[in-house]
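These notes are about the structure you will find just below.
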Amino acid sequence: MLLGGIAAGMILFIVSVGLSVTMGLMGFVNLAHGGFAMLGGYAIVLAMKHWGLGFVTALAFGFLATAAASVVLERLLYARLYRATELDQVLFTIGLVFIMIASLTLRFGPENQPLTLPRALQGQIDLGFVQYRTYSLVLIVTGIAIVVALWLGFERTRLGAQIRAAVDNRRMAESLGINIARLFTITFALGSGMAALGGGLGAEFLGLDPQYALKYLVYFLIVVAVGGLGRVTGVFFAALLIGVLDFVLKKYLPQGGPMFIYAVTIVLLLWRPQGLFGGKAA
Amino acid sequence: MTAPLLETRALTRNFGALLATREVDFRLDAGARHALIGPNGAGKTTLVNLLAGVISPTRGQVLLKGRDITGVGQAERVKLGIARTFQINRLFRGLSVLENVYIAVAERMGVAPSMFRPAGRRTDVVNESMHLLDTLRLTADAGRRVSELPYGRQRLVELAIALALSPEVLLLDEPAAGVPSAESHIILDAIDRLPPEIAVLIIDHDMDLVFRFAQRITVMVSGAVFASGTPREIGADPEVRAVYLGQTARG
Amino acid sequence: MSEYRGGAQARTALARRHRVRAWEPLPWIVALGFFFAFPKHLGFGTEVLVTILFALSLDLVLGYAGIVTLGHAAFFGVGAYTVGMLAKHGLWNEPLTSLALAGIVGAAVGLGSGLVLLRTRGLTLLMLTLCTMALLEEAGNLAHTWTGGFDGLDSLPIAPLLGRFEFSPLYPTTQYLYVLVVLFLCFVFVRTLVYSPFGQSLTGIRENILRMPAVGAPVPRRLAVCYTLSAGIAGIAGGIWAQANAYVNLGTLGLDRAATVLIMLALGGRGRLYGAFVGAIAYMVLSHFLSKIYPTAWQLGLGLLLVVIALFAHNGILGLGETVWRRLRVSRPLNMGAPQHRTPNPPL
Amino acid sequence: MIKRIVALFAVLASLATWAEAQEVKVGVNLPYTGIGAEFAQLVDRGMELYLKLNADKVKPYTIKLIKRDVKNPGGADAKIAVQELLTQENVDILAGWIYSPNAIASAPIVTAGKKLAVIMNAGTAHITNMSPYYVRTSFSMWHAGYAMGEATSKILKAKTAVVGYTDFPPGKDSLAAFKRSFEAAGGKVIDEIPMGGAGAVPDFTPFFQRAKDKKPEVFFVFVPAGDHAAAVVKTYAALGMKEAGIKLIGPGDITQDTKLQAMGPAAVGLVTMHHYHADLDNPENKRFVAAWKEAYGAAAVPDFMAVGGYDGMALIVHVVQALKGKVDAEKALEAVKGWKFASPRGPISIDPVTRDIVMNEYLSEAVMKDGRVFQKVIGKIDAVKDACKEQKIGPCAPK
C-alpha cells in the first residue's frame, strides 16, 4: 500500500524539480521557491473559485501566471544576485517569502484557501484488487507524465541539452556560446511554473494558506539536497524515496513523528554529500 | 645516486573514462629549475594537484625524499615542504596583502592555533611577513586590500603566500597567466630571484620564460610524459617540435 | 605613498587593530543606562541581550569562518534544556555552575556535529545543520517525560544568583544585569579570539577556503574548533535564556529562532563583532514596535528590508556605515577597523 | 488666592482619578501574525463584537483593549507581551491566550503581576492550576473528550475505537480524556496514532490508512481546528472510511464552523461533541450569529473560538461593573466565581473551585440541509465541568 506515499512523492517532485534545476544551473539558493508554489496554488484555487475555471484550465493558468511573474522577478532582482554570496541569496529569498506571505495575508486573509476538486476526482476508485483514493492515482499518473515529459525535454531538446551542459560545466557552456542568462530565465520560469502546478495539485493534501511558503520549504529542500542539484531523475527518485519513506514510517511507526525523515536525510547526505544522483559540487 | 627530492612512480589518475595522467614517472631534484610543458589538457595541472595532494592518484606513488607520501593530505604536505601557487588566483581577497602573507607565515610557524594573543602582537610573524613582502617588492602595497591591486601584483601575492611557507619544493602553475605583458616582467624577475635551494617546478606556456628559467624540461602529452631533458635537448627534439612547439599558439 | 610608509602603516594597522577604540565602551554604557532609564522594559531588554549573545556566537562561525548554517538554534536549545532539565528535575539549580554546564554541553554537541557535518558545504551543509536541529527538536518532543514535550518545562526553580539575588519574573532586574555581565565576558572572549592568529586564520577560511589547505592549515579541525566554541557560547545564551525566563520549550530549538538570528546578523553586519549588537537591537526594536502598530506590516517591512539589504547593502547596517565613513575619509588606509568581510561581487 | 488654586487643583486631581477609574485597560495577547493569525482574528472579533453589542452594559466605564502580538506558540514572545502589558501599560485585566504553551509560560508572570487573567482559548486542562489568577472562558480538552467517550459508548453504542491525535499537549489531553471515559463505559481503544505536530498540516493519509486497517467502529480524531481539521475530513472521505463503516468522531475542532462549508458533503455524517457551533438553536446564538454576519460580512461565521472571546469579554464587563471600574485582582476573583451568563453556547458559569468554565456539551451530527452542511444536535449534556480537575488526574490535581 505505497500508493499514498508515491502520490505524496509526486507532489514533492513537481514542486522541487524546478528548484533543483535552477539551483544546479546558477548555484542560486532560492528559498522563495515554495513561495512560487504558493502563489501558483492561490492563482489556481482562486481562478476556480471566482472565475469558475475548470481544474485543468486553472492549472494551466496558474502555471502561466506564475511563470510570467517569476520572469519579472528574475530579470529585475534575482539577476543582480547571481554572483553574490550564498548568504545574500538566502536573505534575499527569505525576504521575498516574507513579502509574499504578508501580501497574501493582507489581500486574502490568513485562512486556508480550500481546493474543490472536480467531482470525478473525489472519492475512491476500484482497481479490481483494491479500492484506492482516486486523486492519489491521478497525481501518480500526472507525476509520471511530467517526469517523462521533462526527461524527454532534457534529453531530446536543444534547450535540455544546453541546460545539462550548463549544469555540468558552466564555463564550458558559456565558451560554447550558450547564453546562460537567457537559459536561466527560461528554466527559472519553467521551474516556477512547475512549482505553481505542484502548489495547485498538492493543495488537496497540503492545504494552501500564506504560511505554505515556509511550512513545506524544508521538505522541498530535503528532496533537492538528496536528489542532487540539477538532476531531474535524481529529484524524481529522491521525491519518491522521501514520500514513500515518510508515508511508511508514519503509518507503521507514528510515534517517531517526522524524526525519521530528518535522520534519513542526514545519513543520506553524509553518505553522498552531492545527493544520491548529483555529481557536481554543491 | 641519491634519492630525488620529489618523485612519482607510475602515477595515474582517471576521471571517469578520462585518463588525466597515465603512468607518470617524474623526478624533481633539490634546487632544480624544472619546467613542465605540454598542450592544453595534457594533464599538467592534474600532475601538480597530485603532487600537492589536492587529489589522490588512482594508481601509483608520490615520494618525498624517498618517503611514500601518496596518502598524505594537502595540508600535511605543506608541512613537509611542498608549496604551490594556482593558475587562477586563490587569494584572501578581502584582506590586506600583509594579512594574506601573515596567514601563511602563522601557519608555518605553528602560531595559527593560538587564540589569546592579538595577531598584531606576534612581531615574529609580522616581521617575517614584512621581510618577505620586501623581497618581493610588495612593501608599499602591504596595507592595501588584495582585491584593489592590479592583477600583476595580485600574482605576486599569490607567489608570496607560497614562499611564506618556506618550501623545499615550489610548484608554480602558470605564474604569469593572465598578467598583461607590460607587467609580466615583475613576475619573471621574482621567479629569477627565488632562493636557489628551493626546487621549483613551473608550468607555463610562455616558451621564453620556460627556456630562460629551466634547467630541465618535461613535456607531457595526453596525460603521459612525452619527453624529458635539458632545454637544449628538448628544443632540438624533432618529435617535441612536431607535437608541441610547432603548434604552440602562445609564446 | 613611499614604500617605507606603506609598509609601516600596514604594520601599525595590524599591530593596533585589536586595541580598544574610543567608542567601544559606548554600547555598555548605553546598556547600563537602559537599566536605569527604562526599568519597565527590562524584560524586553533582557531578551535583547540574550539575542545579542546568540547572534555573537553565530557571527563567529558565519561572519568570521564563513559557514552558513541554518541550525544554530540547536546549541541554544541544548543549552536551554541543560539548565531546564537540571532545575526541573531537582538535580541542580545553582545559576553559574549550570550556566557553565550549558556551555559545555552546547560545545560538546557542537564538536560532535561539527566533526561530522563541516566536511560538506553549500546547500548540503545548510540542510544537514537544519535537519540536525529538527532532529533534536523532534527528539525533545518525543522525550516529553524529560523535556516536557511541546509544553516545555515551566516555573523552573532557579536558585538566587550568588545565593542572594532572586530572579523576579515580573521585574527582571537581576536577570538583566546578570545577562549583561555574561554577555560582556563572552564578548571579550570572542573579541580576543577574532583578533588572534586563530581568528586571522578563520578569516582566511572565509575568504578562500580552497587556499587554506595549500598554506598547510588543517581546515576541518580549525572549523570544528570554531564551531565548538561558537556552539558553547550559543549554549550559554540558551542556558541564560532559560534561567532568565525560568522556562524552556521546544521553540528554543526551532527553525524560527535559527533563521531569525541569521537575519539579525545579516541586518547588523556579519564579521564585525558589533553587527550582532546592531542587528539584534534593530530587528527586535523594529519588530516590537512595528508589530504593535500593525502586525502584518512588520512582516512586509522585514521582507522589504531583507531584499534591500541583500541587493544593496551586503554587509548590513554596519557595512553601510563603514562605507559612508570610508567615503568621508578616503585617504585612510585599510584595516583600521575589524577584519573586513569579503567584498561583495558586483552585480552582473 | 492660594487657597483657591489649591482647591482648583484638588478638583482637577479628583476629576483625573475619576476619569482614570472610568477606563479599564485590558491587555490582550494573541498571535496576530503567523500560523495562529486566523485564530487570533476570531477571538479578537469575538471580544470586539461583545463590546459593540453591549455598549450600554459597559457604561459608565470604558474598556480599552491593548493588543499585543505573541506571534507563535513559543512561549517567549507571549511572556514578554504579558510582562510588558503589566509593567508598561499597567493593564487592569489580562486576556487572550490561543496556545497552551503561551499560557503555561505566562503563568509565573500572571501570578507575580496579580491581575485577573482571562484565558479565551488555550485548552490544556491543568493550565488553570498554574496561576490563581487564571480564569477560563473557553474550554478544557477534557470537556469534549470526556463527554465524547461516554457518549460514544452509550449513545453511539460503539465498542471499539481508534484514536488519532495531533502530537502536542491538547491532543494528548484529548486522547486521555476520551480513553478514560470510553473504557470506563465498557469500550476499548484499540490503537492510538500520533499524527504529526501542530505546526504544519501533515498529509493524513498514512495515519488514516493505519486506522482503517484496524477496522474500529469509530475513529476519534483530535486535531487543532483550522486547516488540520479541513484536511482530516478530506482524507476521511477520500479513503472511503465512511463506506468501510468507520464513523469519524471527535471534539468540535474537526467541524470548526469557519471550515465546515468548505468541507462540503464530505463532512456529512461526522459526529462531534462540543460546547458550541454556529447552528445551535437558542436566542442568544441567533442574535450572536446575525450580529457577526452583519459586522464581518455575510460569508463570515463565528465558531467556538469566537465565543471564547465573546464570553470572555462578557466576564470582563461583569467584573468591571461588579467592582465599579476599580479592578482589584482578589476582588475580581470573588466576582468571577459563580458568575452566570446566557452565552450563545447556552448557560455558562465559572466553577468557583477551579475557575474553569461550566457549560453544556452538545453531541451533533453533520447533515445536509438547504444545500449547506448543518450541525444537528442529537444529544446534550448539561453543566459539564472539567473532568480532569474533577477527578484530579495527573497535573490537574491541585498543587
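Each chain carries a letter (A, B, C and D) given by its place in the written order, and its residues are counted from 1.
Criterion: a residue touches a chain if its C-beta (ideal position, glycine included) is under 8 Å from a C-beta of that chain, and two chains touch if they have at least 3 such contacts.
Everything numeric here is computed off the predicted structure, so don't read it as measured data.
Counting steps between touching chains, the shortest path from chain B to chain D takes 2.
Chain centres here are Cα averages; for chain A and chain B they lie 46 Å apart. With centres set at the average Cα position, the gap from chain A to chain D is 37 Å.
Rounded to whole angstrom units, the spacing between the C-alpha centres of chain B and chain C is 40.
Once the centre of each chain is set as its mean CA position, chain A and chain C turn out to be 33 Å apart. Multi-chain contact residues, meaning those touching two or more other chains, occur in chain C at positions 141, 296, 299, 342.
Contacts with at least two other chains are made by residues 33, 37, 167, 197 of chain D. The multi-chain contact residues of chain B, meaning those touching 2 or more other chains, do not exist; every residue touches at most one other chain.
Taken as a contact graph, with one node per protein chain and an edge wherever two chains touch, the assembly fits none of the named shapes, being neither a line, a ring, a star nor a complete graph.
Every pair of chains in contact is given here: A-C, A-D, B-C, C-D.
The touching residues of chain C, counted against chain B in their complex, run 1-4, 6-7, 9-11, 13-18, 192-193, 195-201, 203-204, 207-208, 210-219, 222, 225, 333-335, 339-343.
Contacts from chain D toward chain A in the complex involve residues 33-35, 37-38, 41, 167, 193-197, 199-203, 205-207, 209-210, 226-227, 230-231, 234, 237-240, 243, 258-259, 262-264, 266. Residue ranges on chain C touching chain A, taken from their complex, read 62, 68, 116-117, 119-124, 126-128, 130-132, 134-135, 138-139, 141-142, 255, 259, 262-263, 266, 270, 296-297, 299-300, 302-311, 314, 342, 344-348.
Contact residues of chain D toward chain C in the complex are 32-33, 37, 68-69, 71-76, 79-80, 83-84, 86-88, 100-101, 104-105, 107-109, 111-113, 124, 130, 167-169, 197-198. Those residues of chain B lying in contact with chain C across their complex are 52, 54, 73-76, 78-79, 83-84, 86, 90-99, 102-104, 106-108, 111-123, 125-126, 130, 133-134, 137, 139-145, 147, 161-162, 164-165.
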